[in-house]
Amino acid sequence: MRATIVERPIDAAALLAEVASPAHGATALFVGTVRDVNDGRAVTGIEYSAYAAMAEKEMRSILEEAAVRFGVTAAVVEHRVGALALGEASVVIATAHAHRGPALDANRYLIEQLKQRVPVWKRELYTDGTREWVDPSGARAMAGAPASAPGARPGGASHA
Amino acid sequence: MRATIVERPIDAAALLAEVASPAHGATALFVGTVRDVNDGRAVTGIEYSAYAAMAEKEMRSILEEAAVRFGVTAAVVEHRVGALALGEASVVIATAHAHRGPALDANRYLIEQLKQRVPVWKRELYTDGTREWVDPSGARAMAGAPASAPGARPGGASHA
Amino acid sequence: MVPVVTRVLLFASYADALGTSAIDVALPERATVADLLAEVRALAAAHALPPAPLVAVNQEYAALDVVLREGDEIAIIPPVAGG
Amino acid sequence: MVPVVTRVLLFASYADALGTSAIDVALPERATVADLLAEVRALAAAHALPPAPLVAVNQEYAALDVVLREGDEIAIIPPVAGG
């Protein structure tokens, strides 16, 4: 079980190898990549930044939750920060288990929770030369309205 | 969209590359591998065989279903046949989409349907030197009881 | 009606059980998948097969009432175990 | 009570908006996260922040009633957008 913020390209094959074991019959991998269009705007790249220490801590918490919920015995997450070009991987999650159900369930849980809770941010660069922080909570970042209710925690999970 | 029965090791990274596109934000990969224990018996390897032409045809049908159901724009499946050692990949499925939901949903659909419908068989080799065809339908293959009801099609899908 | 000798493909445990990867079955014209299975069951070695195995015609799973045509590619399909 | 000057980390859009990656806030002893946010809102540049941003204390999300202690690592967390 490992969760790391990295500043270099992510090697998906290395993550697959990291979770490999003869005890596993199933390995699931998720790769998030920089897309050329978002919300109808042409994107030329994305700058990712993170509160790295907290991001790793939160990702480890999510991994531990997945271990309890799904019994996954091997899982690893890498999230990249820095300037990423189109098609480059921003996040890779590998999960493995004796059977496919837990491997697939844990993989989806990890990416969903990561997107809700892990303090990583992205600023999209557009073809018109502008750039903007992405706020998946709805409003564009800094648009005035609060992104979250007072005291609310991302994801609504009980991790006080 | 490609589905192939192969007689050589499967290169998961090559499949990831095959479905890559700047239009995709999410790629899901499933890797099925030879496990060292099945049903409590110590396994030393698995021999896979297939009705190759029909297996490829059925896998292509499943890919087309996934394209309709989930809108996945890129998907590839390779299933290996022959003698596989512990830890080697028997099947790899890569799916990609602009968003993670369809990529993940399609990936799970493909492996579930593949296991129900695609004419591939495996014979496990055990540490005691014996070997046995695997029948996931319940009874060991050739145990006498019918594996399926008369006229039934695997998976119950309507592909007359 | 002249019976047509039809080749039926066998795989995996069924091929092992019958000791061959194909058997020849004599069928009347317009025989169905059910007729084929009845003929197969009459073979001495067929006790090793389940009573109602799956059949594929031209590489697609076929219901019992599908009518066979000369030149069809016919196979008896053991319980699948891919992945 | 002697106010304690506490450093608060800023990231991403909040760091951009305030033009800095950290601000210093004077807080009384046993101040809570809610007290911290009230002080932050009193800053001239804070109009760019939402009324109730998320706060992390020692790298964990903290509720408004969490009491801050000297040496805590405090950060205001913009809406996350990883993955």
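So that you can tell them apart, the chains are marked A, B, C and D in the order they are listed, and the count of residues begins at 1 in each.
Criterion: contacts are C-beta pairs under 8 Å (C-beta built on N, C-alpha and C of every residue); 3 or more make two chains touch, one makes a residue touch a chain.
Worth saying up front: this structure is predicted, and the values here are computed from it rather than measured.
Novice: Just how many steps, at minimum, does a route from chain B to chain C need if it may pass only between touching chains?
Specialist: When the steps are counted carefully, the minimum from chain B to chain C is 1.
Novice: Roughly how far is chain A from chain B, going centre to centre by Cα mean, in whole Å?
Specialist: Here the centre of chain B sits 27 Å away from the centre of chain A.
Novice: Let me have the rounded angstrom distance from the C-alpha centre of chain A over to the C-alpha centre of chain C, please.
Specialist: 51
Novice: Find the geometric centre of each of chain C and chain D from their Cα atoms only, then give the gap between the two centres in Å, rounded to an integer.
Specialist: Averaging C-alpha atoms per chain gives centres 74 Å apart.
Novice: Centre to centre, by mean C-alpha position, how many angstrom separate chain A and chain D?
Specialist: Centre-to-centre distance between chain A and chain D: 24 Å.
Novice: Mind pulling the chain A residues that touch 2 or more other chains?
Specialist: Correct list: 32, 100, 111.
Novice: Show the residues in chain C shared as contacts by 2 or more other chains, in ascending order.
Specialist: Correct list: 83.
Novice: Who touches whom among the chains?
Specialist: Between chains, contact exists in these pairs: A-B, A-D, B-C.
Novice: Contact residues on chain B for chain C in the complex?
Specialist: Against chain C, chain B makes touches at 32, 48-51, 53-55, 57-58, 79, 90-91, 111, 114-123, 133-137, 141-142, 144-154, 159-160.
Novice: In their shared complex, at which residues does chain C touch chain B?
Specialist: 9, 11-13, 16-17, 48, 50-54, 56, 59-61, 63-65, 75, 77-83
Novice: Once bound in the complex, which stretches of chain A touch chain B?
Specialist: 12-13, 16, 20-37, 86-87, 98, 100, 104, 107-108, 111
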